[in-house]
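Think of it as A, B, C, D and E in the order they're written, each chain with its own count starting at 1.
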Amino acid sequence: MSGVTRSMVPLDVPLDKRETFREHLDKMTGGSGRLMLFAGDQKVEHLNDDFHGEGISPDDGDPEHLFQIASRARIGAFATQFGLIARYADEYRNVPYVVKLNSKTNLVKTIQSEPLSRQWLAVDEVANLRDENDLNILGVGYTVYLGSEHEAVMLTEAAQIVHRAHRLGMCAILWVYPRGRAVTNEKNTHLVAGAAGVGACLGADFIKLNCPGESEAIENFREVARAAGKAGTLCSGGSHKDEKKFLERLHQQLAAGARGSATGRNIHQKPLEQAIRFCDAIYAVTVDGASVSRAMELFRGDPGA
Amino acid sequence: MSGVTRSMVPLDVPLDKRETFREHLDKMTGGSGRLMLFAGDQKVEHLNDDFHGEGISPDDGDPEHLFQIASRARIGAFATQFGLIARYADEYRNVPYVVKLNSKTNLVKTIQSEPLSRQWLAVDEVANLRDENDLNILGVGYTVYLGSEHEAVMLTEAAQIVHRAHRLGMCAILWVYPRGRAVTNEKNTHLVAGAAGVGACLGADFIKLNCPGESEAIENFREVARAAGKAGTLCSGGSHKDEKKFLERLHQQLAAGARGSATGRNIHQKPLEQAIRFCDAIYAVTVDGASVSRAMELFRGDPGA
Amino acid sequence: MSGVTRSMVPLDVPLDKRETFREHLDKMTGGSGRLMLFAGDQKVEHLNDDFHGEGISPDDGDPEHLFQIASRARIGAFATQFGLIARYADEYRNVPYVVKLNSKTNLVKTIQSEPLSRQWLAVDEVANLRDENDLNILGVGYTVYLGSEHEAVMLTEAAQIVHRAHRLGMCAILWVYPRGRAVTNEKNTHLVAGAAGVGACLGADFIKLNCPGESEAIENFREVARAAGKAGTLCSGGSHKDEKKFLERLHQQLAAGARGSATGRNIHQKPLEQAIRFCDAIYAVTVDGASVSRAMELFRGDPGA
Amino acid sequence: MSGVTRSMVPLDVPLDKRETFREHLDKMTGGSGRLMLFAGDQKVEHLNDDFHGEGISPDDGDPEHLFQIASRARIGAFATQFGLIARYADEYRNVPYVVKLNSKTNLVKTIQSEPLSRQWLAVDEVANLRDENDLNILGVGYTVYLGSEHEAVMLTEAAQIVHRAHRLGMCAILWVYPRGRAVTNEKNTHLVAGAAGVGACLGADFIKLNCPGESEAIENFREVARAAGKAGTLCSGGSHKDEKKFLERLHQQLAAGARGSATGRNIHQKPLEQAIRFCDAIYAVTVDGASVSRAMELFRGDPGA
Amino acid sequence: MSGVTRSMVPLDVPLDKRETFREHLDKMTGGSGRLMLFAGDQKVEHLNDDFHGEGISPDDGDPEHLFQIASRARIGAFATQFGLIARYADEYRNVPYVVKLNSKTNLVKTIQSEPLSRQWLAVDEVANLRDENDLNILGVGYTVYLGSEHEAVMLTEAAQIVHRAHRLGMCAILWVYPRGRAVTNEKNTHLVAGAAGVGACLGADFIKLNCPGESEAIENFREVARAAGKAGTLCSGGSHKDEKKFLERLHQQLAAGARGSATGRNIHQKPLEQAIRFCDAIYAVTVDGASVSRAMELFRGDPGA
């Protein structure tokens, strides 16, 4: 019996697309209602910093690495830019895709100019790519920088993208990050809870958040998860760290109400086989409700896993 | 006999939609021509500040709290964002909705950058949501910051939204707030009267205003109400305060010509049952013309009420 | 025999609308080619400053006052915002209307930010209001601030509005005011003549100008009137002053080539009956070519008038 | 035999409009391929400064003066704004018109704000005016300020206007002026050659330039004319000066490769008859290849001329 | 057997245009998958600086020089602006064209204002020019300045142009240059690798880059080529230098993974015959895989070549 219920289908999905939408959600969450997102939009967001350098597997220098992981690991969805999907998906047809519709580079810092990331392509163009090629594109993604002086531009684009995705039977995932000169602590729990609420008001199905600091994660995250209401919150993985600690923290976040995880660098900076096993571990915790020790067995490739 | 007359139907409502428009107005105002608006757009406007913290009921942390109140209390209309309505209205079908079409966060202060809040979705998309789902959406709302350097953007969006709402048989409520570096006293009576006049020129059916200070409220508010002409002025509830004082002030404002009230935090920060009873009290004063003592009986849940 | 000739009909009016256009011009000018405009857009432009305060009749506090004057006095046209017309015109059907398509408040001063006033609604929406309700809407109006850093925005909107009005058989009146940090003397004759020329290049039928100072009005205004060519210049009434002096000045301006007058506050700040008689006096001078003494008899309500 | 060859017809003119386009070019250049442009857009660009004052004929105060000259003199084309043409062309049907599609005033100086001049109306609206009224509109004009911080806006509008004019069988003339804080010498030959090249890349048929200073005109102008390639360069007349010197300079510029002249103030600031004869003189030099002494005979009205 | 495989055709090319697209790629790359681009957009980008002056052949002063080279030399494609192609292509029909869709001048420096270059014309207008005239237009080009404060504008235009080109069966080449106050070293290898990745995410078929400095070119360029994935990187030729060194460097870049070269000034600043022979030499290295010594024979016009 699926954890994806009628109540997860927003009313702006047309009647004749609601069953499809529910099936997409079911597929993305393995019937759990919880999403393990493999986030792979960093080639723009962080340029080549996440893909080449000390501590990064040479495998990661080629964008195909992302598709190889996404194709062979257990994941809920792989989020990346349209151009890469158009170039690689012919050979990676089984991957469940989410098209990230905006991206900016990290060259201009907030101190120089307030963050602004704009929509690259229309949701209809994504739907068309899906339909013409029979691809497994389940949703779209978009980042909003709350507290930027350009916030208004992104709030409008986000609202329209979410709505248009729903009209076309697709899910919408918003990355909602407080950022700008007005924001002094991007990870403050109360502020992140506000971001979760904004995502809910924009109609997002899932909201990717910069989750609050570790020690108080469980108690504090409840405020965030509650603020999002029926929309699901995804905890962002952040920078590279010890795998066991990573999974423990994720387990706590889920216990506190998170409806999923979004991980990028911690996966793709590993060599292919290791990256695949780490995906599987994250997926087990997020979707299957596995324990951390069971997930670590998967990561280590324990034969009994 | 209804207090909603033909003269409340503006001429830009098409002939074949005028009866519907009048019925909507009748429904929204309980036939009184006066509107009790339950304003619930703060999850963006104030992030989680109004929903979590000292003196706020834990009930308020979940957006569904708003819908529970709106569904069980006597209200004229419940105003909130499209995304929340699309997510919750399936289970709260009896609520009379107003879709708030723009919102901004409170992160960027006026001293950093002039206020700008832009339209998220088209009025036609609201009408479509209403028609496809047979929802009880009676109108749309929009905030204009007069005196902002971005005033021109919002005046244009407001005029177009009001007109398009009327074309589609819906009411239009404008929040008209003087704000920006050029504004030294946002609640100055004469300035608020100017804001009321702008709302009238934009064609609003109701204009939500930051009402002038308490002591001189009755006399001074007459200037405001007159400036709005046939458009109705709604007094905004403002921050948390003693319920009896709140109702007394509202009673005075209505006596001075206000055509309704708009209340948010004073309602939803209460636990559910108390919030419902406070709505009923406000509704009684606003629409039924009840006395403050009668309204306080309702709020206290006096069995005879 | 009418003073409105074929040569007053610009070639961008379609062939099948030229007779209608000529009739509108004839109606607006009483066959004289000269326009007495009752300008009533100040509820946005000056907020409530022109409608409430010392020396202003209490009648003026309610926007309906404007419609009562416009309905009962002799006027060429009454210019105000779309929202007010949609709200009141049902009961004031005989009024010849001009819809003022842009307006800004006076909150942000030039020293803070360069003036910008943008179009609120499309000319087609005005034509639609006229046609659906059989209203007597004869034209549209728009303000251009020459010398503002945002001049380019307004020049383009003005050119498009004039052209679209002509396509739909309506007249176009431009308010052309030099304003901005670059403008040191807004009423300099030579500069106002430049503004008149810009209005002509934009295709306006009438151009409302801030007319140069009193003493040298006749001689200097000839430069302005000539610069406008076949387009008619309207002298703006300015702030409150002695009625006889007002009419004398107007008489001089007309003698110097002005093709009409535009008066707002000097009319509507008076009590209703007095306002009506002052309109009649202004109309007599502007359109009938009456002497100032004859006009003063009308204003005083002399029975023989 | 015409100097206007197939190679002057750009390939973005549709096949079925190429003969018409060639005929327009033939008409505009008297079959010479060289254009004598009577430039009359200064009522916006310079307000009334060029039309009223010391040394300016009183005739010039009325915009009809421009049409009288254009109608009675030999000219290639008369460039002015749409609004004036719509107002006057009914009585001046023989004039070959070019509609100048953008203009700005000279109030805001470069030191205050970078120059920006935007398109007022669509090329299709020009074509429509031409077709409905059977006017002799042969082309459109547009100014680009290279080196302005707003350069990108004007480059895009220019490219689209040129292309759309060609689609509709009309010629396109670009005024390409380096201007802005980044430009220290607007008339530097090498820079003007760059401007000519930009005009060519934008697809202009003729490019009006601020031509380099007198003494070295011949030699230096060759760089400019070559940079424009098959596009024709027009030398702008500049401010008032001795007629003989004016014609000598023009003769030199043509010898150095200019494909025409663009003159405004030097023509229309003269009394009507003198202005007409000066046009004839300029036309003779530009199009007929007449000598300066022959042209001066025409200007002086020598009976044998 | 062609080096252009099915995997080089992105999935946003419609099914019925994929064969055409593959043929275009085949033609552009001589079946090698490697592109020799003759880049000729400098008449806007550098005004006349690249076409007139010391060390530049007088041939280069006339834009037709570019077309003569492109017509007679071996090249993959010649990239220049729409306006020039519309003017000259009738006589140079055999040239394989790429239409460069944006350009800016070099007048405004980064220190004054952040770089912004906007789209001039629609991809559909390019396709129309191609179809109506049966021209050999194989693709479109666009420049993105990463790290500019206007980056968001260009990222969006780039993504849309690439996608629209693919829809119409054309290739898309992006010039991706880090530039702006935030960029301290435009040619830093790691940064250029980031630019390559962005180009891939935007869906470009080829990405023109400012290639890193000479000495470490081979080793470092591998990071760049890998970051582009299946998209091809083109090394930009840069400023004038010794031909042998130029070809040696190119040979190294290709060995390190570059999929082509883009050269402008080093070609067109030479006299016609020499320019043609240098194209042939570059083509031989880029596409035929010739050695540098063989290429130098071609450049020197060795009879046995």
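As a convention for this text, a residue touches a chain if its C-beta (ideal position, glycine included) is under 8 Å from a C-beta of that chain, and two chains touch if they have at least 3 such contacts.
Quick caveat, the model's predicted, so the values are computed rather than measured.
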Each chain counted as touching chain A and chain B at once: none
Distance from the mean Cα position of chain E to that of chain D, given in whole angstrom: 36
Distance between the centres, which are taken as Cα means, of chain E and chain C, whole angstrom: 58
Junction residues of chain C, two or more chains touched: none
Pairwise touch network: line, ring, star, complete, or other: ring
Touching residues on chain A, where the partner in the complex is chain E: 41, 43-44, 47-49, 51-53, 61-64, 80-91, 103-105, 107-109, 112-113, 116-121, 125, 129, 132-133, 135
Of all residues in chain E, those that touch chain A in their complex: 6-7, 10-12, 14-15, 146-149, 151-153, 155-156, 159-160, 162-163, 166, 178, 180-183, 190-191, 193-198, 200-204, 223, 226-227, 229-231
